[in-house]
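Sharing a structure here in structure tokens format.
Lettered A, B, C and D in written order, each chain numbered from 1.
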Amino acid sequence: MTAPAIELKGISKAFGPVQANKDISISVAPGTIHGIIGENGAGKSTLMSILYGFYKADAGEIRIHGEKTEIPDSQAAIAAGIGMVFQHFKLVENFTVLENIILGAEDGGLLRPSLAKARQTLIELEKEYGLNVDPDAVIEDLGVGMQQRVEILKALYRQADILILDEPTGVLTPAEADQLFRILHRLKEEGKTIILITHKLREIMEATDTVSVMRRGQMTATVKTAETSPEQLAELMVGRKVLLRVDKAPASPGAPILEIEGLRVVDEDGVERVKGIDLTVHAGEIVGIAGVAGNGQSELLEVLGGMRPATGTIRLNGSPLALDGAGADGQARRAQRIAHVPEDRQREGLIMEFHAWENVAFGYHHDPSYQRGPLLMNNAALRSDTDAKIEKFDVRPADGWLTAKNFSGGNQQKIVVAREIERNPDLLLVGQPTRGVDIGAIEFIHKQIVALRDAGKAVLLVSVELEEIFSLSDRIAVMFDGHLMGERLPAETDEKELGLLMAGVSGEAA
Amino acid sequence: MDKMPKWADVVLIPLISLILAAILSALVILGIGEDPWAAVKLMVSGALGSTYGWGYTLYYATNFMFTGLAVAVAFHARLFNIGGEGQAMLGGLGVALVCLYIPWPHWTLALIAACAGAALFGAAWAAIPAYLQARRGSHIVITTIMFNFIAAAVLNYMLVNVMRPQGSMDPASARFPEAVHLPTLHEILAPFGIGFSKAAPANFSLIVAVAACILVWALIWRTRLGYEIRAYGHSETGARYAGISPYRITMIAMLISGGLAGLMAINNVMGEAERLVLNATEGAGFIGIAVALMGRSHPFGVFLAAILFGFLYQGGAELALWTSIPRELIVVIQALVILFTGALDNMVRMPLERLFLRLRKGREA
Amino acid sequence: MDFLASIIPVLDSSIRLATPLLLACLAGLYSERAGIFDIGLEGKMLAAAFFSAALAAITGSVWLGLLAGIAASLVLAALHGLASITFRGNQLISGVAVNFLAAGMTVLVAQDWFAQGGRTPSLMGGGRFAPIDLPLADAVRDVPVLGPLYSDLLSGHSILVYVAFLAVPATWWILFRTRFGLRLRAVGENPAAVDTAGVSVVGLRYAAVMICGLLCGIAGAYLATALQAGFVKDMTAGRGFIALAALIFAKWRPWHAMWACLLFGFLQAVALRYQNIDLGGVVIPVQVMDALPYILTVVILAGFVGKAIPPRAGGEPYVKER
Amino acid sequence: EPALIFDLGGKFDKSFNEAAFNGAQRWAEETGGSFREIELQSEAQREQALRRFAEAGANPIVTMGFAMADPLSTVAPDYPDTKFVVIDVTWLDAPNIRQVGFAEHEGSYLVGMLAAMASKSGTVGFIGGMDVPLIRHFGCGYAQGAKAANPDINIIANMTGTTPAAWNDPVKGSELTKAQISQGADVIYAAAGGTGVGVLQTAADEGILSIGVDSNQNHLHPGKVLTSMLKRVDVAVYNAMKAGENVEPGVFVLGLAEDGVGYAVDENNESLITDDMKAAAEDARQKIIDGEISVVSYYENDSCPVLNF
């Protein structure tokens, strides 16, 4: 029997007080595709980064093709034949494709010969794998799919025979993802070893030979893909039986709350992100917007939340909202009874250095009940309000004096959701409500959202998780490239159809 | 989970940094062939050994409280205001205009007007860099440095071509009228039977400075505006989400900052020189940076750090007076303090964090 | 012809005054292109000015002076590197500290060594860089227009002036034609890309910071041993900041940096020569001329001359593990 | 114990302040006494230095330059038992201040004559420090002397700046020198404190003659400094320190007659000053003392008859 391509033994890694990897061992046979799954923060990326020499393990050893190998830095990993495509691409945005490819793998001190050689190699690789990219294009002009190809080419150019891909399909349309898997299979046929990290059980089932499951920094199981099922994997991932469906009564939509007509958004760089959309959300209804990240959903949500200007018309309860200038900020929106659970709680929804009680006022710090006189904040009132919310939403630890960064992701999210839902708004905007949140908190948060709907309020949900869209929404709209591709009722569609819409293939053509 | 307790971050790290700076300073003094111990003794007796010394120490400390607070307020909004020097110069101009061209019946009225003038001019000088940062993203560090140079040119022009009295050779304004004279500590304390050196320049501005410390504390930690400033400082995207206008906060924080820096002029121009001279600020705007860093941008920390720097400044002046050690020694000490408390912060923090982590692991085990 | 005769001395002076700016500006270019902001150019130049003058005064050899100046500047550069690369401190604060340190230490050491109130003795003979005549300078002087331009304007500067101007194409070539340049630019844009490509971010950044120190060293030595004959306190007089301004003006590009420095040099030359400039009845006070480079910088920064986008990773320490 | 406060140019400016230092040094060597001294770094320090020395019992306190006038006028009354001496100030009204002024225009007149006689190009230059009446006073005397020696002479005058920084800006001194050379000047008189160091240096580098000021600066570039306009600050300081606490207050103006000003001839410039030149200068000197030649002072009506600044 040949030695495993990769063997990790007893790998541990701590980031300060966070134990990201605990005594992890894993072995990957050569010429196979090995999947790794696990919840957010389980430590997948950390483990792979250690293998790639990006981080240094606190303990443990690495064997490549049976030989014990020290990987103090990426140089050593590359020398050992390892290539990695990171979750967040590591490309120099204003360099050309060619420059990015030779960076760190130049021959000799002068650029000209290296560039010429790389151009030649690129043509060969293109022929072999169908990975065509314009070598002279500047990275920032390329789409994410193309950028990912550059990353793969970078690894191949360095003659990697072990390729690690960290969540490669998160940013791809289903069609692009299919193409990626075709390429991976070619590579496998050539005898290369591939490690694939993904959240999508379907991809694991379709593409991998073996799969390892991680939970809270530990490796919980490694199984042959052929001998397992999605249900079993999900259970391994979270540690108990999972019920992915939300119990909810059928919606009874009322009057339109939110009416959007011809909305257009141009971002700071002058790129048009939202290209004229029309959408209505009624009282007592959850409308979900599906789509691959980066197709304008975030911008739509930000416009509604008062975070960026736009053109077009938006009416709330029949009266138009300001879309630019003074009346178009978060304060104005809150005054108009729009609440907003932002997509990124750490960068937007919370101030990580603030106490929990300070965060409970965040955005509502003008609320009269939090004031004492014209200038001062009423901190005592704020703290008692916080204690009430902590209790109701079961935030743990139940201590309002902790700073936000000292809560786990799920509890941080509970603080945000508590703050917004307890306002009892007419319209609730929700972006990625359960990203990085453990399954228990997911159920809780989903229930709160449904409860708000049942109280006759309108909810607009944006999520990249199709499952979440399916289980929460009463109506689904799909966004692609700044356009709404169409609306579907969850009962009358399936993942396949939505996937096509998300890839820009319109309903009629499909 | 935090890597270490808050007290370690707030007290221990600055303290260790300060000790390191002190050790290096001692080595520097040794290096130029002087006795560090004797130098320290001279500095202590010169700065703290008499009411005269205290008078100067507190006079300088007053300057540094204003400029330190200025830097601190801007820091809370994550704006690095290096322009305290220029803003204080312009503040001086404001004070001089108020004192020279308006007849005042009593110093209290004059002081109120001078405060307004100083703050207004200082704030105005901060307004353009603030606007450019907020609207055009021009890096405020560079623009405020440039505005320091421009302020020097403006002051130069005003003193040489406009405010210089007929026939005078000095580039300095006329002397302020007697009516705007601020009571010195000697005059303030005399009614209470406390003797204080008549010659020392510490004056009523000290009380204003202490009041400013308290007001800034209330502003930052008790008011809604302070809440917004801190929120914006911690997270710009967060501020956008919460409907806190980055433009508004940048402008307000910088105007307050510039105003505080400008206020310094009531001490050095109105309280001490009683006329406007070139370079009246003597680098206090820059020392404000060190003061704010040392004080961890907290008004109480700023207060303590200002007194420390006042001591260094007066002690350094005494050294220059009675030994052959040049006054620049304090510039070196100041540099070391900025270096250790500001830039090499992590050199102290990293091992401490590891230590605390190990301690905690030990406790948990 | 008359116009030429009166403009040449001003341009000549512009070149002399632009030289320290150019060297410092290129120094800043290396550092900032690698992602390390440096407002300590001023301090490094000042330290170099003092130590070059001091060694030249002691040994009588300007070349030893130059080496000493470079060494002093390198020490400060290493300090900045230590603070901003190794200990991931705030680069601006570190720069401020370097400036203070240089301002204080130069005077302190000068007083200790020479006891002349913080200056060095005046340099004589071999203690200074002498002007050198370019070949044929005398022969072609009488050729109309080009003759005086060559013999009076281009010829007759000290060797460091030519070093500074040759450093421009050299810098361009290094940055855009060599492996080192590619990596240096990459580390200023996205250090993680460099790191994952198996190249040391720390090593590259230190290299850039040290090149910055080297060039600042030459700039300081030029001030004290070529432009002047000795060190006086604070003799850099804000040149480090103007160089920084020129760097932004040039949008971090070598050739543009040269033109920007020549412009600032020209402004200084004009301000030096003319106290109050009378433009058809409107008198421009000398203070306006003095402040002009700074005003210009603000105008440029305000984006009226096109937005200057700094290297993307600039000013941020490279932190892998939070 | 006497104290000496230098002005912003610094103790070793090779000119005004250094002259004071030399005087004090001579006193210390001759009497074995010692004195306190401080170099000011900024305007704001003036008063502190005065008060600190007065508090510490220094007496007399010798101060340099007109910028001390204002601080002195506020500090002196607070210390009636302390004697103050100030150089270049003559307009204060206080019982405990000795004010010493110099007839700089007379000395400058003589070096102006020498300059005009030494010039081959027919153009001579003047570079002043800070643009104040005092320095115009220097320049005006110089111009009158030059015109007296050669009525066709062309005189170029520049000032270094408008603030005290102008006393200590050798780069600017050097650039102004180059500018004047390009305009044809071949003798340049620097009345600019530390800035003059740059003027003399550049003049020597470019092979023209220069004239020093205040101290004897002939030795700085032997054979290249035509002469120096001596202003005997050293003598004034020496005398004040020698008189000690009993120094006589009042206003004193020292001119050619009192040997308060003059021009320097020593081994460094002997070869540059021909006998004719010397004879003419000596002749003029006597005539000024005798009142036969009257050198117009710039102060008289804030303008100069032969030179526009």
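Please note the rule applied: a residue touches a chain if its C-beta (ideal position, glycine included) is under 8 Å from a C-beta of that chain, and two chains touch if they have at least 3 such contacts.
All values derive from a computational prediction rather than experimental measurement.
Between the chains B-C lie more C-beta contact pairs than between any other two chains. Distance from chain D peaks, on a Cα-centroid basis, for A.
Averaged C-alpha coordinates give centres for chain B and chain C that are 30 Å from one another.
Averaged C-alpha coordinates give centres for chain B and chain D that are 39 Å from one another. Put simply, the C-alpha centre of chain A and that of chain C have 46 angstrom between them. The distance from the centre of chain C to the centre of chain D, with each centre set as the mean of the Cα atoms, comes to 36 Å.
Among the residues of chain A, those in touch with two or more other chains are 16.
Taken residue by residue, chain B touches two or more other chains at 156, 160, whereas all remaining positions touch fewer. Chain C has residues 118, 287 in contact with two or more other chains.
Every pair of chains meeting the touch criterion is listed here: A-B, A-C, B-C, B-D, C-D. On chain C, the positions that touch chain A within their shared complex are 176-183, 185-186, 189-190, 192-200, 312, 320-322.
Residues 52, 56, 156, 160, 167, 169-172, 175, 198-199, 201, 268, 272-275, 277-280, 282, 317-318, 320-322, 327 of chain B touch chain D in their complex. Residues of chain A touching chain C in their complex: 15-16, 52-55, 73-79, 84, 86, 90-95, 99-100, 102-106, 108-112, 114, 154. For chain A in complex with chain B, the residues that touch the partner chain are 16-18, 305-307, 329-334, 340, 342, 344, 347-354, 358, 361-363, 365-366, 371, 375-377, 379, 403, 405-406. The residues of chain D lying in touch with chain C in their complex are 10-12, 39, 131, 158-159, 161-162, 168, 170-172, 174-176, 178-179, 182, 194, 197-198, 201, 220.
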